[in-house]
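We call the chains A, B, C and D, going by the order they appear; numbering starts again at 1 in every chain.
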Amino acid sequence: MSAVTVFGLCAAAAVGLGLYGLIANPQPLRKIIAFNLLGSGVFLLFGIVGRRGAAAGFGNDPVPQALVITGVVVAFSATALAIALLLRLFQIAGSTTLNSRAAPSPRSDPSGH
Amino acid sequence: MTEFLTAAVGLILAMLGLGLVSILRGPTDADRMMAAQLIGTAGISVLLLLGTVTGVPAAVDVALILALLATFASIAFVKKGLSRLETDGADPGEDR
Amino acid sequence: MSVARDIITVAGVSAGVFFFFAGTVGLLRFPDTLTRLHALSKADNLGLGFVVLGLLPQTGGLRDGLKLISIWMFVLLAGATVSQLIARTARQSGSGK
Amino acid sequence: MNIATVFEIALAAVVLGLAIWTIAVPDTYSATVGFIAYGLLVALIWVRLDAVDVALTEAAIGGGLGGVVLLGAAARLRDTEAMTTERPSLIVRLSAAILSAAIAAALAVTILLLPDPAPTLAPSVVANAGATGMTNPVTNVLMAFRGMDTMLEKVVLLLAIVGVWSLASDQAWGGRPGPRHQADPNGVLAFLARLLPPAGIVVGIYILWTGADHPGGAFQGGAVLASMWLLVIMAGLVDTPPVRSRWLRLILVGGPGLFLAVGLGGLCFGSAFLAYPVAFAKPLILSIEVAMLLTIATTLGLLLAGAPERSAER
């Protein structure tokens, strides 16, 4: 068992867990966390592939590393935007449910403050 | 030497796992904050040891970033916990 | 020379691991928030401090040594501040008794 | 089985345990704390995989800024948890579990059956490293060989901040994000916020500077600067700037703007878009990175601060 195998299996499990949480968890914030977990698993898979491509004196192929760094930044922007949307939904509707049948109870001051 | 340091990394990692149990158990937010602080410090130590073991000197830079960002995260953590207690019963919209 | 360095490293890192152990056990076993905080500060300040001390002889040069020490300084500062804020939280919420 | 493998298995086990905890725990706040610890440990895995540049990014985002974003939202939404008790039916959960397990198993099999020898681009990165005058291969890839990706990534950051700002309510339009933090000016937090940022700024600039030859770069340095800025804001020493402010917007577009200008310059005077003249490659890349450092620090800080909530006058 090398580092690649151990962490590769770990990454695969993280992808599976994240996907399950994304589908099965009813709360939007939990879905966002699960999505981040899924993404981090995918990034780790990139790292595994890069580690196997270690050559020319580098311990890890630099091209997948650069792709992962770009990916981490984009995932963070998406998370921040999703959180802002969620907080605004909470401010307007008074709840964060995504279930359209459950009538959201409007709060006294819909525009906030 | 390498074996000794790797064993030390393993031991600190085990402590870190125990610290996670404490996050899991709680019972109050203060305990969770403390456990998060401990995990941050233990993670920094593991990074420093790991950098020496594997001969990656740049691991010290990762530890440096982690020290600053973990400080920031724990302050934010405590500050959010504090304002929660202070505004207990107040408008949840102002709760931050 | 290298033997002396290795002895310092072994002693420092062992002491650091011991304090991490003590701090974690304290965090799990002590009865209330303030005593647990006391245990935590041992792991934070002394655990990392001894690990840094032990690793200093193994660093390549002055710059790496300074980086190690500044990491410890950051953690000391953060630990002191966060501990005080946590203690205040605990006292206000009444769980510190 | 040597001791290093034992360590790797232990690390993977702790990370997996945290992942399971993050998904399974009923309390959202605890799940967030678990995810922050997860991000911290994933940075350790990246160091172990010899990808220190990624470890720096993961430590800055996973353990730090991303965690604080999630934590802030979890603290705000904590009281609403009781309202959302509806759960998907057993069939949905069961089929989700089967689907996820199948995908995880497929990925695991793929990992075990990856081709040998593995394809790699590392030799071509080494062969072309002389063109930029920098020796950190990841910075070379990010700033030169795949410069287009990096430029568009900054545009994504910019779009995200535009998206966040457009969620402001009418009264707060163009106003200041977040609440005004009140803090005792002689308190311990204010003391830390005066003591730490000077050292933190040095570290941020060091991370940028060392990025030319060792792991580091503009994004990681910018994340450190952003956290220092937010620390000062949280201590109540300064207020968040109103988002309608002109200098703020100038800083936000400065980095990508310079990147684009250099790229277009390459199109006019050189061979292609983003083609650096070999003699000036390093100074050009460094000046882009310095401009980026400011832009990234401001963007990340404002993304964490969230949508404007107060009018600019208050």
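Criterion: contacts are C-beta pairs under 8 Å (C-beta built on N, C-alpha and C of every residue); 3 or more make two chains touch, one makes a residue touch a chain.
Worth saying up front: this structure is predicted, and the values here are computed from it rather than measured.
> Going only through chains that touch each other, what is the minimum step count from chain A to chain C?
The fewest touching-chain steps linking chain A to chain C number 2.
> When contacts are scored as defined above, which chain pair ends up with more C-beta pairs, A-D or C-D?
When C-D is set beside A-D, the one with more contacts is A-D.
> Cα centroid separation between chain B and chain D, in whole Å?
Chain B and chain D have C-alpha centres separated by 18 Å.
> Measure off the straight-line distance from the CA centroid of chain A to the CA centroid of chain D, and report it in whole Å.
12
> Could you tell me the distance, in whole angstrom, between the mean C-alpha positions of chain C and chain D?
27
> What positions in chain C touch 2 or more of the other chains?
Within chain C, the residues that touch at least two other chains are 70, 74, 77-78, 81, 85.
> Where in chain B do residues touch at least two different other chains?
29, 56, 61, 64, 68, 70-71, 75, 79, 81, in rising order.
> What parts of chain A, by residue number, touch at least two of the other chains?
Chain A, residues with two or more chain partners: 59, 91, 112-113.
> What residues on chain B touch chain D, complex-wise?
Per the touch definition, chain B meets chain D at residues 3, 6-7, 9-10, 13-14, 16-17, 20, 23-24, 26, 29, 32, 36, 39-40, 43, 46-47, 50-51, 54, 56, 58-59, 61-62, 64-66, 68-73, 75-77, 79-81, 84, 92, 94-96.
> Inside the complex, what are the residues of chain B that reach chain C?
1, 4-5, 8, 11-12, 15, 18-19, 21-22, 28-31, 33-35, 37-38, 41-42, 44-45, 48-49, 52, 57, 60-61, 63-64, 67-68, 70-71, 74-75, 78-79, 81-82, 85-86
> Please output the residues of chain C touching chain D within their complex, sorted ascending.
70, 73-74, 77-78, 80-81, 84-85
> For the complex, which residues does chain D have touching chain A?
On the chain D side, the touching residues are 1, 4-5, 8-9, 12, 15-16, 19-20, 22-23, 28, 31-32, 35, 38-39, 42, 45-46, 48-51, 53-54, 57-58, 61-62, 65-66, 69-70, 72-74, 76-77, 80-81, 83-84, 86-88, 92-93, 96-97, 99-101, 103-105, 107-108, 111-112, 114, 118-123, 125-126, 137-138, 140-142, 145-146, 149-150, 153, 156-157, 159-160, 163-164, 167, 169-172, 217, 219, 303-304, 306-307, 309.
> Can you tell me which positions in chain D touch chain C when the two form their complex?
Going by the criterion above, the answer is residues 188-189, 191-192, 195-196, 199, 203.
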